[in-house]
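Chain IDs A, B and C follow the sequence of writing; residue 1 opens each chain.
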Amino acid sequence: MSVFPRAATRPMIQPRAARARLKQRLGRLAAHLLLLVSIGIIAFPVYYVFVLSTQSMEEVVVRPTILRPSTHLVANYITAWSQAGMGRKLLNSLVVAITVAVGKIVISLLSAFAIVYFRFALRKVVFWLIFITLMLPVEVRIVATYQVVSDLGWLNSYVGLTVPLMASATATFLFRQFLQTVPGELAEAAQLDGAGPMRFLWSILLPLSWTNIAALFVVLFVYGWNQYLWPLMITHTEEMQVAVIGIKQLVNPELPQWNITMAAAMMTLLPPVLVILVMQRWFVKGLIESEK
Amino acid sequence: MVHRPVFRNRLLPYLLVLPQVAISVIFFFWPAAASLRYAVMRASPFGDRLFYVGLANFERLFTSAQYHRSLVTTLVFSLGVTVLGMLIALGLAVLANQKIRGLPAYRTALLWPYGIAPVVAGIIWLFLAHPAYGVLTYYLRAATGLSFNWLVDGRIALGLVIVASVWARLGYNIAFFLAGLQQIPQTLLEAATVDGASALQRFWHVTRPLLSPITLFLLVTNTTFSLFETFGVIDAITRGGPGGATETLVYKAYKDGFIALDVGSSGAQSVVLMVLAIILTALQFRFGERRVTY
Amino acid sequence: MWRPRSFLLAGLILILASLQPAWGQAPVPVIFWHGMGGHLGTVVQALVTQFNESQSAYRVEAIYKGSYDEVVTAAIAAYRAQDPPHLVQVYEVGTQTMLMSGAIYPVYQLMSDHGYQVDWESFVAPVLSYYSKDGNLYSMPFNSSTPILYYNKDAFAQAGLDPEQPPATWDEVEAFSRQIMERDAASCGFTIQWPSWTMIENMRAWHGLPIATQENGFAGLDVELLINDEFGRMHVGKLAEWAKSGIFQYGGRGGSSDPLFLNGQCAIFIASSAAMGTIRQAASFNWATAMLPHWGEPYEKVNSIIGGASLWVLKGARNPDAYAGVAAFLHFLTQPEQQAFWHKETGYIAISNPANELLEREGHFEANPDQRTAWAQLTYSPPTPHTRGLRLGNFIQIRDVIEEELENIFAGTKTAEQGLDDAVARANRLLRDFADLYR
């Protein structure tokens, strides 16, 4: 590990150490400052959305812009809630997001396991088949996909809302990355003990990947929660629509009432943000961590 | 470290990939093929008129000045979103990975905007940056004297959608970089410090190579993100304008197919997009995986 | 087994059943997809509820299916999957696509099939004509508006202008704007909504000029755009000049320029008559409306045209019994009471003359003179072959092309002549494509 010039071998003298300590302290201060500023920049847009959701329309359009919350919070949120039926929509979003996340995790873990731990004729083909699904946006093939779901009789149902969304590559790609870092000896040891592949997956790999799964759950929950176009197309009753539709539903095409819209936007962004906050510990760790 | 698959079973691997392959084929490949078929057709939206036109849609695409422009726009946009987004995220992740007080709080504050839907992000930025009433443009104008009118100036509009997309993706990138950074053994960095490496040298010789798998992953996902998942932002802010200045290839395919109902041209554009994406990914794997250290 | 109690119970059920005439015969559902968000959605739902409560044979189920373009795509997807909604709201630019689609049940036919005698003559002429073909109505006009001029009376007063004297000509718009800006009563003279609709389509109609050949596309499919003639170059050239000097501030497409007027930056606003509701709610100054400015001699002055959306009946729905319900619902919607309610709540114009007469009788126009402007402008003259409306294939893309080129012109990257020529060349190709499809 000595690719670096060996400069620190001389014994240190006092003033140098003090200077180093000062430098370190200054460095930390700079880090604090930089972090605070970045967080300010990152959070400001959302703060502003919150502010708008508390204002009257007159306050929204007035110049110079008012950046303090105003007094119309309750009224705006009640209007948004009742006008767009947000209660039911948020519930649907929750069902969709959880189902999509869990479903994706299960099928992706299975296929990633197959790709990493088996040699089979179509292995490469399957990998590319799965990977290509990243490549063509839903919008382009939506009319055709609608037809498939309609033929299955899945329109306006939770199955129709969730199952087609489970075909995507991100999770498989990530699991493949995780599994590749699991030492091969583990599998060999399992084989010596006479454990079959499913047993190995169930009792060795699964416990190892809980943090990964938790992290993926966050990513996929957010993905499922934020779907807009697909749910809009295949739901035919108000009872089946999801929260993001509610936001758009509040936009009057002639002249939007931004304060009400922003109130709905706040309601809709809270749950995924909450999931991120609650699961943050595993989120960061589990994204790539593997037990070594 | 190359992993060797160890289990032997004829049927099981196929059973394992079956759910994902089945869903992909039924809900992705089948409809995608049905949509891409239109690449060689001219068709009415309701499907009552359908003519085979050979490669006419492609020919028209490749000779269209708007499409050439869209290609350049996409290049600038994708590069901007990917490079800028990853650099900023890496910088912030390095900052948030130091041994300083209040770190958990900082991390939380950096991550949460990831939960915001693209549609919402678009509306937020439209509001922030509107030339007439946006706070951002208001203060920027006060500070610089420039007007930042992206409703008229296409370059500013492109800059704006890049910034908005970077913002929407920042939490995601930071999360992955942080995860990668935390995986780097502290002893390695300490050893380098003892060896007298400066912070920059430590980053370059220790952190960077160990971060390469994450960087590759983020490169792939960010490129696909910038290509395919940003049109929610573009749609909410500029709708491809002004004068087509923010019309990326995917937004154009969306606009021509979904809004303007020109299924033929949209099909042809989708074929081009898929070919581009496959080439891009293959290249990234080829050059990326070789340099990645697991 | 004779048990008096169960006998009694059965009797009770029988009595209850006879009290409820529709017992066991649930109302037939009529599926209606629309794109009306916000307050407009609430008003649509109110109309639907009124209809559902007025009879028991049918139940209209209205649902918001996204913005206009999303509603159309949803309807196409559903039609191609052989399960379309009965009724769908389509924006005016989709009119030709719907007309030629072979997927529709023309409204005039639906109404006569189900025994409704509709007095088509009683509809406001430019509203009826926009959605008619060979004198027959194909889709039911729903939300119709026309661009009018709004102005900030306070800014006018502050600039020393007469607040009761809105600009009637473009020369006045220019002169008033200069005075307003010089006196610092506002930072820009005027702004506009929906650039192609207000500045190209309606400006040409208002001056009696055709927008496209073949009577704006009503007379045939081989259509070409005419917007790059001398008038077009002059008007757009002026706009570009004003954009440069700041008299005119471009605020984007659709309604994105609204806040420029609402926060007092621009004193004059050329916008949809349906924007009035929110202007009333959000403007903190006194304002009034007027008809569109005109360039004067040598141009004529005729009615303006409408925009908005209409309701199309799709054929092939799984439950054909519901079509009678669609006819009943459309009949209900066109009644003067419902039209007056719709107009008062939304600012969209009431589509029949009896409805407007009712509003007049009720004293509504007297109390709200600003709401009369749109109707007055639409009925300014009987529609000429150039002012019935627009019947262009691929109109969605054409409007997009026009606005794209207008933006290039306003940004100064193209001259008015160049930009309009390019717009016409690109639009003509789209028109040819459409004609080829239906040759």
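FYI, a contact is a pair of C-beta atoms (placed from the backbone, for glycine too) under 8 Å apart; a residue touches a chain by one contact, two chains touch by 3 or more.
For clarity, every value in this text was computed on a predicted model and none was experimentally measured.
S.K.: Which of line, ring, star, complete or other matches the graph of chains that touch?
M.R.: Contact map by chain: complete.
S.K.: Counting C-beta pairs in contact, which comes out ahead: B-C or A-B?
M.R.: Of the two interfaces, A-B and B-C, more C-beta pairs touch across A-B.
S.K.: Averaged over CA atoms, how far is the centre of subunit A from the centre of subunit C? Could you give it in whole Å?
M.R.: 40
S.K.: Whole-Å distance, subunit A centre to subunit B centre, using C-alpha means?
M.R.: 14
S.K.: Could you put a whole-Å number on the gap between the CA centroids of subunit B and subunit C?
M.R.: About 37 Å, centre to centre.
S.K.: In subunit A, which residues are in touch with two or more of the other chains?
M.R.: Subunit A, residues with two or more chain partners: 61, 63, 142-143, 147, 248, 261.
S.K.: Considering subunit C alone, which of its residues make contact with at least two other chains?
M.R.: 73, 76, 80, 259, 263, 265
S.K.: Mark out which residues of subunit B touch at least two other chains, giving numbers and ranges.
M.R.: Residues 133, 258 of subunit B touch two or more partner chains.
S.K.: Spell out the residues on subunit B that touch subunit A in their complex, using ranges where they run on.
M.R.: Residues 1, 3-10, 12-14, 16-17, 19-21, 23-24, 26-32, 34-35, 92, 95-96, 98, 100, 102, 106-121, 123-125, 127-128, 133-135, 138, 167, 170-172, 175-176, 178-180, 182-183, 188, 191-192, 194-197, 201, 205, 213-214, 217, 220-221, 224, 228-229, 231-232, 250, 253-254, 257-258, 263, 266-267, 270, 273-274, 277-278, 281, 294.
S.K.: Write out the stretch or stretches of subunit C touching subunit A in their complex.
M.R.: Interface residues on the subunit C side: 31, 35-42, 61, 63-68, 70, 73-74, 76-78, 80-83, 85, 145, 254-255, 258-259, 262-265, 272, 274-275, 277-279, 281-284, 347.
S.K.: Which of the residues in subunit A come into contact with subunit B in the complex?
M.R.: Going through subunit A, the ones touching subunit B are 1-9, 28, 31-32, 34-35, 38-39, 42-43, 45-46, 48-49, 52, 61, 63-65, 67, 106-108, 110-111, 113-120, 122-123, 126, 129-137, 139-145, 147-149, 163-164, 166-167, 170, 172-174, 177, 179-182, 184, 187-188, 191, 197-198, 200, 215, 219, 222, 225-226, 228, 244, 247-248, 258, 261-262, 265, 268-269, 272-273, 275-277, 280, 283-289.
S.K.: In the complex of these two chains, what residues of subunit C are touching subunit B?
M.R.: Result: residues 69, 72-73, 76, 79-80, 97, 100-103, 243, 249-253, 256-257, 259-260, 263, 265, 394, 396-397, 400, 403-405, 407-408, 410-411, 413, 433, 436-438 of subunit C touch subunit B.
S.K.: Can you name the residues of subunit A that touch subunit C in the complex?
M.R.: So the residues of subunit A in touch with subunit C come to 57-58, 60-63, 83, 142-143, 146-147, 150-151, 155, 229, 232-233, 236-238, 245, 248-257, 260-261.
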